[in-house]
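Two complexes follow with chain A in common, the first pairing it with chain B and the second with chain C.
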Partner chain A sequence: MAKKKRYGGYAGIFTDEAKVVEAARKIKSLGFLKFDAISPYPIHGMEEACGIPRSPIPYVTFGAGLFGMSFGLWLTWWTSAVNWPLNVGGKPFFSLAAFIPIIFELTILFAALTSVGALFYFCRLPQIDPPVIDPDLTCSKFAIFVPENDVGYDEAKLAQVFREMGAVETKKVAEF
Partner chain B sequence: MAADNHHHELKVEKFETPGNLKTLIAVLSVIGLLTFAISWMKSPERLWPAYLTAFFFFSCLGLGGLFFTAIQHVAKAGWSTSIRRYSEAMTSFIPFIFIGGLVLLAGMKYLFPWADPEVIASNPIVAAKTSYLNVGFFVGRLVLFCGGWFLFKHLIVGNSVKQDITGDHKLTLKNLSLSIGFILFFALSFTAFSMDLLMSLLPTWYSTIFGIYCFAGLFQSSLAFMALMIIFIKRTGFVKGYVTVEHQHDIAKFLKGFTVFWAYIAFSQFMLIWYANIPEETEYYIMRSQNGGWLALSFGLLIFRFIVPFIALLPRGLKRNENHLILVSCLILIMQYLDIYWMVYPNFFDGQVTFGVVEIGIFCGFAGLFLWAVVSFFKKFSLIPIKDPRLNEAINHHVTY
Partner chain C sequence: MIKRNQLILGNKNLKDITDDICLPVETFPSKGWVALFLSAKSLLIFYVVILGLVIANGMGLLGVNHPNGWGTMIITFVFWIGIGHAGTLISAILFLFRQKWRTSVARTAEAMTVFAVMTAGLFPLLHTGRPWLDFWLFPYPNQRGPLWVNFRSPLLWDVFAVSTYATVSIVFWYIGLVPDFATIKDRAKNKVRKIVYGALSLGWRGTARNWSHYEMLYLLLAGLSTPLVLSVHTIVSFDFAVASLPGWHTTIFPPYFVAGAIFSGFAMVVTLMTLVRIGYPQFKDYITIDHMEVMNKIIMATGLMVGYAYASEFFIAWYSGNMYERYVFINRAFGPYGWSYWIMVCCNVIIPQVFWFKKIRRSIPLMFIVSIFVNIGMWFERYVITITSLHRDFLPSNWGQYAWSFFDGAILFGSFGMFLTLFLLYLRLVPAVSIAEIKPVLNVGRDNPAGPQGQGGHAHG
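Up next is the complex of A and B:
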């Protein structure tokens, strides 16, 4: 997933947030599967409009948390009760109550760091040469991009649909 | 889909109490009154611990409603505007905290060892604390706290319902500063309130985290009750479009968050006392671990107040599932009662686990009163703060995944 082959395609540029969501919904209803929406900030409802499934990151976080918890339990048990048993205040060598803060912290540490790692992986970050459709897409404009390998790709039809949905500009993109 | 949310039908009707709810309230109240009268005459030593437990449980729900309302105002939250009336309805129990507290004074000699001159004479540790723990000051604090809570409830909720008629945006700003004042007052007063009512049952023991422990239970149970109200009103159909599954989802997230918060505070209290191992502090946990029943309940709190609700509220789909949320909310409310029971009862009946008709009857009575107060509020005012400037934000509320 880290290396994605880049395709050219066709893009519609919008200046209105509501219109770009409508356009994404329209493009999806026309049967396109691989299209993408680009916006300077998250838009409520865009995930559903594009049909993007839920992110797998929460599952990664949960797994990493479970691992961190087990590791913390093993670490405290092995260091305090097996490898170097020390009598602390007459408490048992294996005192779970005293170990819970460490287990808790390791759970959080593993869950948090792994989530950041997973985010970088799934978002293909860092990207040193990002393709540019329009420089204003990081500032004031929105775009819908349909790659040329998508089902039923037809530039003339796309240009017409984008115009109908209120695009201010449509253009052919060499690669994205 | 968000865009679909923008277009659905908006409807809010006048609330009419469903017939079976009316019957329920009547039955609960009669059971409560009968239990109270019979045990007042026959077994006052059974009555008062049961009264204190149920009284504290419902005081927490009433105050939790006002606390939720206040934090929404302070955060200038938009998403919760359409469910704010539900938390405001819970505050209509606040006047009864004062009345219930006055009734409680009649049972003081059964409940509080520090109110007994013999205990003071024989125990120098208790005697040293009488400058705080004495009947006059206790009553004074009770009046001060209940008076303050009532004043803030009157002003904050009053401004909110006034806005339904006038539509004046200034009222929202007024509620912001009032809410800041309430949160400050609540932090101090509820800490002292929980110390007075629960911690002083064992006057030789102290825990500096006790107030926040009680608050954690208060807020968790209040959110559980709000989740139940959201689903109840949705099913009765008086409100359509204003309160959606998105609001239910966010309340469930809050509920999960404060489930963790309760566990965090409960563990902080336990771990420090266990680690330091000072006799005057460990007394509390020894009382709750020697007898098999109390030990089982102690572990029950860990499992059913934290582990089970935490796992049950983790998946997104389950937070959005009504029947599932009803189940978890009921579990949390039961555990809140058992938690207060666990704090109160080991101090009585020679540490034997005692539970029976009196406890259930008194709880029913308070439940009847509480539901009656909530329902009366709904009948009197609109179910949605219809002219709130932030209502639009709540209608369009949408939880991204």
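Up next is the complex of A and C:
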């Protein structure tokens, strides 16, 4: 996977789901663009609060499904009617109805595996031992992280905003 | 408004959930687990020996003969594949229907799917008699013509259906596990665990952007698995229905097989869940009696569908006016294999009717017993379909009995050794309830939704 340069930054840690969503909304309204929210589970409404656009994975799935279907159609037609036609019970060499199960399964297989590949691509997975802000972020805590290259980055101001929004802890992050 | 029942009992907070679910992964297993594992593993070793003998000596060790060309291997293949279907139903179809209760059982049901499909997949490969040539099942360029596989054959459709199903189920299961592996890695106090689960978690950190892609992918995989699971047992039923044998050649087979698959699979989920609840008491707060009751209702509903299919087959056999078809069904119920037919009817149609009573639906010992009967009944359903149709076809000179041997019983029981070994390892090594999926439904049905105090990590963290 393409390696993304890691930046340091400033993080606020929260223990309440509702507060972290509010904090994300606030950070966005202050004009920050590259910040991210970290949570142990997907939070309803977090995408809107952070301004994250809809995931493009469905287009990949559709394309891959279409490719799988065409591949299945081509494979069954080319092997059964072109490359080595065999008379099986007097049926047509290109027996489309009988090929539908194969075409269907290949559609699903290509669509599913390519979608997983797309997730890996968009999330830049797999990563080897990426830095973690707080080990409890996969358990019971939530965080907002603002990288130091974001517009208007100011640690003192961020600390104040996080505190106002109910953060239980604010800290400087060396690398995320 | 009707009040919803609480999905998770015991007033947990987020930290409690993580602790409860990670406990079996992070502690030394109990004596009960070790005892079960050693028994399951011994059965697995026995199974490996038996399969080795069958491979070395040939299919003749089993009871297959003329006219019963299909026997225990195919019956048990359909049995295990069917079991797998409930896992996908819970993880994919109930997800699309937004059934929140599914989160508690989805992980284990999916694991059951993966292991059941693995167990099932061996049978057709071995049934070919020369498993070392099984790569011939796949279309690949070769120097024999090239000679391609026959894409018009339902048996080949099955190769594609089952291998796609196995692949997609494993991927779907693993994607669901990634955030939980990250949780275990972040909690790990021991270095090996940190490295192993860190590698399995692929470096997942749970950022909002990643969750957004993740949720989309999960939805897509659920959407793809839904038609896939229906297609798999449909195609398995085509193995029979496309043949022109009376008793097999019926159009009711696809829906009948799918309903039967879900029926048997839910019975296996109930069997396993009752045992998981006994072995890991902390899971009783997640897999509650309400969850078990819902599954029992599904068992009863699908049991009625299966019963309807049995009745409908008989009606059509009479109504078709086809004497062969009529004979097969009369022979099925009153012929030499009548006993297996009545075992099937008792176990699948009559016994699950006890679930009309709420007390029985909510009683752990009784539902365990019923689920065992359903498992037995569904194995016999496939036995009835395969053997009673094959053993007497059009020509009386072609009739004969299936020669059940020691090896038939041995591979049937041995296959449980493989399944249970995998399942017990799963319980030990993998969080058996999805940690990341259960947290968002924590507040369902709670009178006092966990606020900052309830949810926070200050008190416990």
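What we mean here is this: the second predicted complex is superposed on the first by the 175 of 176 C-alpha atoms of A that agree within 3 Å, B and C clash if a C-alpha of one lies under 4 Å from a C-alpha of the other, contacts with A are read in each partner's own complex, and residues count from 1 in each chain.
In this section, contacts are C-beta pairs under 8 Å (C-beta built on N, C-alpha and C of every residue); 3 or more make two chains touch, one makes a residue touch a chain.
Because the structure is predicted, anything quoted here is derived from the model rather than measured.
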(Q) Looking at A:Ala98 after the superposition, I want to know if it touches chain B, chain C, both of them or none. Which is it: first, second, both, neither? (A) both
Q) Which partner does A:Lys19 contact after superposing on A: first (chain B), second (chain C), both, neither? A) second
(Q) Contact-wise, after the overlay, does A:Ser70 reach chain B, chain C, both or neither (first, second, both, neither)? (A) neither
**Q.** More chain A residues in contact [chain B versus chain C]
**A.** C
Q) Is A:Ser55 contacted by the first partner chain B, the second partner chain C, both or neither? A) both
Q. Counting only touches as set out at the top, which of chain B and chain C does A:Glu47 meet: first, second, both, neither?
A. both
Q: Identify the partner contact of A:Leu125: answer first if only chain B is touched, second if only chain C is, both if each is, neither if none is.
A: second
Q.
Counting contacts the way the document defines them, which residues of chain A are shared by the two interfaces, the one with chain B and the one with chain C?
A. 42, 44, 47, 54-55, 89, 98, 101
**Q.** Complex contact set, residues of chain C against chain A
**A.** 13-15, 18, 139, 145-152, 154, 156-157, 160-161, 164, 167-168, 171-172, 175, 179, 182-183, 185-187, 198, 202-217, 220-221, 224-225, 227-228, 231, 235, 238, 435-437, 439-440, 451-452, 455-458, 460-461
(Q) Using the touch definition from the top, list the residues of chain A that touch chain C in their complex. (A) 15-17, 19, 24, 36-44, 46-47, 50, 52, 54-55, 57-58, 61, 75-76, 79-80, 83-84, 86, 88-89, 91, 95, 98-99, 101-102, 104-106, 108-109, 111-113, 115-116, 118-120, 122-123, 125-130, 132, 135-141, 145, 166, 168
Q: Mind listing the chain A positions that touch chain B in their complex?
A: 21-22, 25, 42, 44-45, 47-49, 54-55, 62, 89, 97-98, 100-101
Q. Mind pulling up the chain B residues that touch chain A in the complex?
A. 1-3, 267, 270-271, 274-275, 277, 314, 316, 396, 398, 400-401
